[in-house]
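As written, the chain order gives the labels A, B and C, with residue 1 at the start of each chain.
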């Protein structure tokens, strides 16, 4: 593949301008929707699985060693390796290619930052505040719901943001196991040596990842208690 | 090792429109301890830090042994001035020995000379030699302060700058460190400029005390003079309402005029004091024993009696001597 | 790959031992170059930031965006210019190390206690001596934390470079995906995880050796 930087810009612009690329089951809008669907579902499942455990451990101030080490283990798991495991599991379960192997890779990817951040968020709430709440007669469940979660929310959301950005990035790899989503353009672009499609897809993926990061950051700022410095 | 003479001439530090230090002038004779004292924000630390040029004066002259430090290379200047701060600032990644060796190493001393000097200093500050390979995190607060002082003295500086060096340790350890430091200074004869906000520390350690307020020098005198004749209401208030009592702490019963007209036999049940007892402690002894006079005895030699009325006269300010 | 097939075919492993060794070497090389170059660039940028603090926000924003762009997309941007080459792989891998390394170097040096810095200056250390003999040694723990994260991340990302003809152990993952063959999939996936754990352990040992003062008490 030789470099063609001078004509590339025009090629990519034309690829975006071509109405054919915006229609049907292979069009840009469909791929974006697939990408969002896959990512959103993976993060939601990870939250459902991980959050209750992290809240429980954090509220009891126990299991810190596990909660922190989950993050370290999570970092050591390459996303492509997770996809390999996902593929093996999906086929062993007879679920086929595409959606399921990708899903099996994305959920474990999303869990570590959610567990660690939620745990830390809860344990870092000022113990005096919790003590005062307990002293005023709030039940443990109420302490969690009315004190610890609201105060820890920005940090909890930061964990979900890390998870979401990782998931959006890794969902791209799903195209390697015959998945849809935006990775399709890149993988097909590589395979067919079509630079317009390759770079066009890369632009879309990059924008989606940055948009995810930015919107979650905005959400974190809005949930911070006024007058309290946002934590991390 | 002997001390340097330090002279400040109209030293001023201005930050924007605020005057941190205003026309500060005084002279510290060689081998003496000068204590800068005053409430926080009075400019004492700024003044100290101008002497080794961690802060550059806006105007004025600082002379060490007659040489203007503002014409010197600041880095070279700092290497021949000892510097101790409240947080000590020991290098946590270096052993006690390496910390003490800092300036000699910067000055390029030979390895043998540095090793010998480190051993000598450890003995001087009363630290066991097996502490050499410890790291600062393994020391107690008092030990850290001692190492900090040893580090500052390593290259035999004629001048030491100390910024609340004993401020972070508990009162009992502080008292001991102060006594050790005084002994050390008397032995070595180096000049010391010492910053504190604690007037008692200033009176205990200072040969001269410089009281500062909002960047200005309000009074510069020996501690006894400061207590006897505060320059104004601010100084009087700063040294405390018990300043007369503090002054008694500076005098020993051997150093004042005793009443020799009272015969030893009349003091049968009264307390017996040695000449090195402070007048303050003598007063306490009299009050406890409910006596009007005490015998001052040097060994078996009766020197005279110290009486409550005499102490009363001192408290009122009409000097005994 | 069918549900009835064995998970690992040991005969395949035996007959591909030489190739596995070669790919491990490639993985190591790609990682080492990326982290080394990343460190050089990160130190240069960090020193600039420490000298001119207002450079910090733009530097973290740019490296932050680089870090956020998915690896596959970043390689896709580069290929039209630098082709399917080691250079493309390394540019991408290096860009991912920068944010973590710069953040840890700058924060590590900034978190050196001010009394230690003040004492050093007061005793006559030059600014250069303060940097090399006080600030960097004391920031080492934080810098090493960054190097560890950067190394582990890079080892993971090297697998993705299989798509542009490099990849180290990632080559086997891609092969397994194309042929739906679980043995190479596991060789690539488990191998890269073991490699990450081994590299991290080696870095921990190196850090212990370099910071004897952190072991006391």
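Here is the rule we use: contacts are C-beta pairs under 8 Å (C-beta built on N, C-alpha and C of every residue); 3 or more make two chains touch, one makes a residue touch a chain.
Predicted, not measured: the structure shown is a model, and the values here were computed from it.
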| item | value |
| --- | --- |
| Neighbouring chains shared between chain B and chain C, ordered by label | none |
| Per-chain Cα centre nearest the global Cα centre, belonging to chain | C |
| Greatest separation from chain A - chain, by CA centre | B |
| Chain B and chain C, separation of their C-alpha mean positions in angstrom | 54 |
| Mean-CA-position distance for chain B and chain A (Å) | 63 |
| Rounded Å distance, chain A centre to chain C centre (Cα mean) | 21 |
| Sites on chain C touched by chain A in the complex | 1-3, 7, 65, 68-74, 76-77, 79-84, 149, 152-153, 155-157, 159-160, 162-164, 170, 173-174, 176-177, 180, 182, 185-186, 188-190, 192-193, 196-197, 200 |
| In the complex, chain A residues that touch chain C | 1-5, 8, 75-85, 87-88, 91-92, 94, 165, 168-170, 172-173, 176-177, 183, 186-187, 189-190, 195, 198-199, 201-203, 205-206, 209-210, 213 |
| Footprint of chain C on chain B - complex, ascending | 52, 54, 75-80, 83, 85-95, 102-103, 106, 134-135, 137-138, 148, 151-152, 161 |
| Residues of chain C defined as touching chain B within the complex | 113, 115-126, 129, 134, 137-138, 211, 213, 216-217 |
